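Each in structure tokens, the structures are laid out below.
Across the two complexes that follow, chain A remains constant while its partner is chain B and subsequently chain C.
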Partner chain A sequence: MSTLTEGPPAPVPVRDRRVIKSRPTTSDRTFVAAARSAAVSTLVIMGLIGVFLAIGAWPAIKQQGFSFVTESQWLPEAGTFGISSLLWGTILVGLFALIVAVPVSFGAALFISEYAPRSIKKALVTIVDLMAAVPAVIYAIWALFFLQERLLSVAQWLSVHLSGLLPFLSVEVPDSPSSYTSSAFIAGVAVGFVVMPTMTSVMREVFSQAPTGEREGAIALGATRWGMIRSVVIPFGRAGIIGGIMLGLGRALGETIVVFAIISPMFEFTTHPLESGTNTIAAHIAIRYSESSGVALSGLLGAGLILFLFTLVINTFAGVVVSRSRSGAATEI
Partner chain B sequence: MTSTIDSGVAGPPPLKDDKLFADQDFRTSRRTSAAERPRVRTGGVSTELVTHVASAGLGALALVWLVYERLVPVTGTIGFWLVWYAVFIVMLAAVSATTLDRMAVTDRVVGALVTTAGMVMVSALAGIVVFTFVRGKGALSHSNFFHETMAYYGPDAGLDKGGIYAAMVGTFEMVAISMVISVPLGIATAVYLSEVRGRIARVVRVVVEAMTAVPTIVAGLFIYSMLIIELGQERSGFAASLALSVSMIPVVTTTAEVVLRLVPNGLREASLALGTTQWQTVRRVVLPTARPGLVTAVLLGVARIIGETSPVLLVAGSTNELNYDPFHGPQISLPLFVFTGMRQPLDVAISRAFGAGIVLLTLVVIFFALARIIGGRAPGHTSRRQQRRFARNARALTTTPGEQP
Partner chain C sequence: MTTDTASDETRVDLDIDATTTIPQLTAGAPATLVAREVSAWFGNHQVLDNVDLTMAAGQVTALIGPSGCGKSTFLRILNRMHELVPGASLAGEILLDGQDIYDLDRRPIESRRRIGMVFQKANPFPTMSVHDNVLAGLRLTGRKTPGKNGAAELVERSLRSAGLWEEVKARLGTPGSSLSGGQQQRLCIARALAVRPDVLLMDEPCSALDPTSTRRVEETIRSIAGEVTVVIVTHNMQQAQRVSDNCAFFLAAEGQPGYIVEQGPTGELFENPRDERTSDYVNGRFG
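Up next is the complex of A and B:
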């Protein structure tokens, strides 16, 4: 130690340190500029959509004030219009879609990741992805000509036998099947089929990432397969379940064509979801855009803006939840 | 033997016949125990399970047949099978409880429920596809369906007149224009996010995420009110392409970014260490390595927009005329053809809508399968053709021109 201190102090080349600076070539500068301008133009497109919707919706919101979100009728010629009934219908359809899609998606995701034999697992994953790629208009034509008439008897059965217990299931003319044809219930079930594959693939992905060691540990401690799922897979995938449901809900709220094909538009708060007549924001835009101009079009833009904000919040929430689960933060060892 | 015992010395090896006897005894005992306890099977389906499920299913069927048909005069097929299913689950639990304990019964019931969910999923897709094919094959059997248009025929014309040619042209042009817009923009944005990584990368990523949340109808309404109402343009296929691009850009960007991130960093570093510029690295190393994944990104984007109806409904107008010009005049697309056809109260129009649905479904499946086949390869995977080309190049470098035959 002492010999070291006795020696001459080592030169510290502070000032001589080489400063490394990158000097990009012309081609690099062009490349970075091109990539950046592409990124900026994506920003601009998105900003344009937001700003344009906001500016376009402003006249309607200014004219209607707060009643834009509380008024249920849509009579732009008479000067009163609002989206409350549309919003309620959107939520109602989304709710029925969830009631149908969540149990099936949850079960199907568990089946694919835990129960399915190895030989068919890959095929099942492909089938689910393919189902997500089937266009909504195909679901719509199937729902209109296949699902609707078969659900009529279910709706009638529910209404006739359970309306005493649950009054919201009642309809005005329970004996006529035409009371049930274009209800929020049927539209919601059809939309449920549309969002099922989205939910399933998110949940399946998270389930399949549950740690093998803990699965084996649970089995080694004598758990049944369901015991292992309940104690390892579901706690690990809880965030994925919530995220998948949210993503599906976001898609359900924005679904247009399926709802348009099933419903008959109505502008009232319906507390009887089995009864014909409901409306959603997306379907309302598709029905009314061609006959709207001026403040009515502005109202549609306002409705579209609110729908967009809804789906944006839901999707962002879902994205945050799912990405957190993928990092493995949900596991506790 | 006796002598050793008498002498009290322990531990000589047992005699041969004794050992043989013991061994035989051991073997027979093992054989009998194997006969008593069959080998535990860890997988597969046991006969007990089959018996339980079959008896529960038949029992439930009989009970529901009796009760449902008598109690509820208004019957529907769906209602019947829903009630049957509920009774089946209860019966399965009851039957299983005769041989299993509580935990195993729960396990079996959950297994039945989960398997049903998987079957519902598969049968929903199969049902949709089969239903569309059954209802639409009448229209497809006439060849005029593919090369005629509905311009000279009303919607009530027979299936041997008119067809979807105009819709196919419209879909092809709209998808092509959307690709021209979104593919360069989407991939360049992805390159920015993964290679350049500038200051605004975070913002761009958030905004692209937000863009996936834009409902297609809102994208259509945006283009409609901006391009057609504000700027006074006419309805056209181009306007529809713009609306479709809004849906396609985020799909291409997010998929391409994931693919670019999968390119091993070692490749980038090796390339830069050779003294290349960043642009050369991206062009000669990163993009070629990620090529299959990028093709998948594009195909997924196409599969997403090819079936979109609502934006096309808003901004492309609808026409029966054949219109090759996407910039002027209304155009029709396949999904829009399906949608307008199915809303007409005419059997022929509906049948034609189903026929167009089959064509649309086939296109989606083709794009999807292509994306799967191409995207199944790992990044950096070299195909046979590429390997041959590499070998050829290597030969050309190593052999001097004079040596060549």
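Up next is the complex of A and C:
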């Protein structure tokens, strides 16, 4: 037989509440402590790098003041130097890297996760991951001896045919291939190849995690494969796409050796990215490091600090975007 | 409560064709689905053997049987979902109004458009609104969504048919994932009905639902029967009796492929089974 509960007497008396807690076991506590210290130490190391750069850069920043950020020339002997043209070059190269790498990576990731027959899928995944592990200096050699020469005609074609429409594509001497050899465009495209495998890998990983239930839901409605990809895989993978792009951009901004191999250093705001002559913060540090001392060296550390903060901001921004979306949990950036 | 809303709640719009203003969308008509000598494999593992079953137009056919006897596999064969599993294969024919859906000249997506499916686990598109979820089938198949009013009408009609309209009419713009489990499942039914299939397959659609939602889905099934041929897999004997006109009992011996032990009108199968195993199963003595 069932029993009935009487309604609470009015007024309801004050009830003591229990403490809701459970006692963690020793192994729980050890694990949490280990995980926490690992997490904290990455933050501490990051912080220390920042502090180290800031201390090293202080003499240069004190001497130059705000013009360290606005000055485009780098003439420590004459007492004026700044990072503005370097920062601009860094952004240009990063931009060209993205223009090349994003569409290719996106397509490759979709192909591998959605279209590739099972028999070659594993091989493709492995190849892409291997490519991500190839040292940048190998890409630099390849860019120098193979890519640069072939991109000349592309640059020339773009300049000759499109500069009427887009004036920034013009160069001073369009007929001479040497006008194009060491431009931000060629450096950027070469860097694009360096970051492509990483981007592809991140995007593919997230695409392949799109839930089977939703995929089948779309297919059962009569969707084509592309329809299913558009309605399920891409919306699910949005965070991975952004995460992959940002990770690639972070690497592109810091890429040194490939840029070093292509460019001829120049300290001006290039508004003609197809024209030879540009510079990036990373390449500049690499080129000048061994010959600098005193306040010039301090200036290089200052340039490094700016790059460090710049990539930090980009990655934080990406992290926020990614963590707000559904596949965010599955994405690391 | 006004009489108006009361009738709204109880009336399920059966007459899908009557107010049609939708171009490009051929009227769905219930079709007979015939499985002929169907066997199925995953790799070398045979899971179905020589299944013959006729699912009559406009009727509800229930597939019952213990877990692992191949009911889901059979259902997925009926709208060409089986072939999505790598290594899956089959033998036999599935005739939709006399035409084999596995004919080499028939595109799988054409068959799937005519034979809709509702899954065990509700799978609305989580980032799409309730409204867009209902229309997803049309958009995915590249058919024009009818103009503004037509779209609104189609959404309302489909949601009414699925018994969900009253609960969501005030929040058609919220994402599909914000609904409760039972509502999500009915949203999936509405989504499947919106493309006006000839056949609707349902794989244990109520197994994750509470009793109230289950009752609503069952009402929905009864009300759409006649408009569309329904094939439903269920583990619930009462449900099979409540909703189905015909019933097929699947069984698989340990490690052997599944097959149909007995099939026939639901009443007869439950009250007067010819096979002892059917009798044992429908009376809850195993499975």
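We take it that the second predicted complex is superposed on the first by the 267 of 333 C-alpha atoms of A that agree within 3 Å, B and C clash if a C-alpha of one lies under 4 Å from a C-alpha of the other, contacts with A are read in each partner's own complex, and residues count from 1 in each chain.
By definition in this document, a contact is a pair of C-beta atoms (placed from the backbone, for glycine too) under 8 Å apart; a residue touches a chain by one contact, two chains touch by 3 or more.
Note that the structure is predicted; figures quoted are calculated from it, not measured.
S.K.: Tell me the contact category for A:S41 with respect to chain B and chain C: first, second, both or neither.
M.R.: first
S.K.: Could you say whether A:P235 touches chain B, chain C, both of them, or neither, answering first, second, both or neither?
M.R.: second
S.K.: Considering only touches as defined above, state whether A:G227 meets chain B (first), chain C (second), both or neither.
M.R.: Touch status of A:G227: both partners.
S.K.: According to the stated criteria, A:F145 is in contact with first (chain B), second (chain C), both, or neither; which is it?
M.R.: first
S.K.: Which one hits more chain A residues, chain B or chain C?
M.R.: The larger set of chain A residues in touch belongs to B.
S.K.: Would you sort A:F168 into first (chain B), second (chain C), both or neither based on which partner it touches?
M.R.: It touches nothing on chain B or chain C.
S.K.: Would you sort A:V134 into first (chain B), second (chain C), both or neither based on which partner it touches?
M.R.: After superposing on A, A:V134 lies in contact with chain B but is clear of chain C.
S.K.: Name the contact category of A:G107: first (chain B only), second (chain C only), both, or neither.
M.R.: After superposing on A, A:G107 lies in contact with chain B but is clear of chain C.
S.K.: For A:F269, decide between first (touching chain B), second (touching chain C), both and neither.
M.R.: Neither: A:F269 stays clear of chain B and chain C.
S.K.: Given the touch rule stated above, what does A:E216 touch, chain B (first), chain C (second), both, or neither?
M.R.: Only chain C is touched by A:E216; chain B is not.
S.K.: Under the contact rule defined above, give the chain A residues that sit at the interface with chain B and also at the interface with chain C.
M.R.: Dual-contact residues (chain A): 224, 227.
S.K.: Mind listing the chain C positions that touch chain A in their complex?
M.R.: Contact set of chain C toward chain A: 79, 81, 84, 86, 109-110, 112-113, 116-117, 119, 121, 123-128, 136-137, 139-142, 188, 191-192, 195.
S.K.: What part of chain B is in contact with chain A in the complex they form?
M.R.: Going through chain B, the ones touching chain A are 72, 74-79, 82, 103-104, 106-107, 110-111, 113-118, 120-122, 124-125, 127-128, 131-132, 135, 184-185, 188-189, 191-193, 195-196, 198, 200-201, 203-204, 207-219, 221-222, 224-226, 229, 246, 249, 253, 277-280, 282, 303-304, 306-310, 313-314, 335, 338-339, 342-343, 350, 353-354, 357, 360-361, 364-365, 367-368, 372.
S.K.: Tell me, which parts of chain A touch chain B in their complex?
M.R.: 24-25, 27-28, 30-32, 34-36, 38-43, 45-47, 49, 52-53, 56, 103-108, 110-112, 114-116, 124, 126-131, 133-142, 144-146, 150-154, 156-157, 160-161, 193, 196-197, 200, 224-227, 229, 250, 253-254, 256-257, 261, 282, 285-286, 289, 293, 297, 300-301, 304-305, 307-308, 311-312, 314-316, 319
S.K.: For the complex, give me every residue of chain A touching chain C.
M.R.: 118, 211, 213-214, 216-224, 227-228, 231-232, 235, 326
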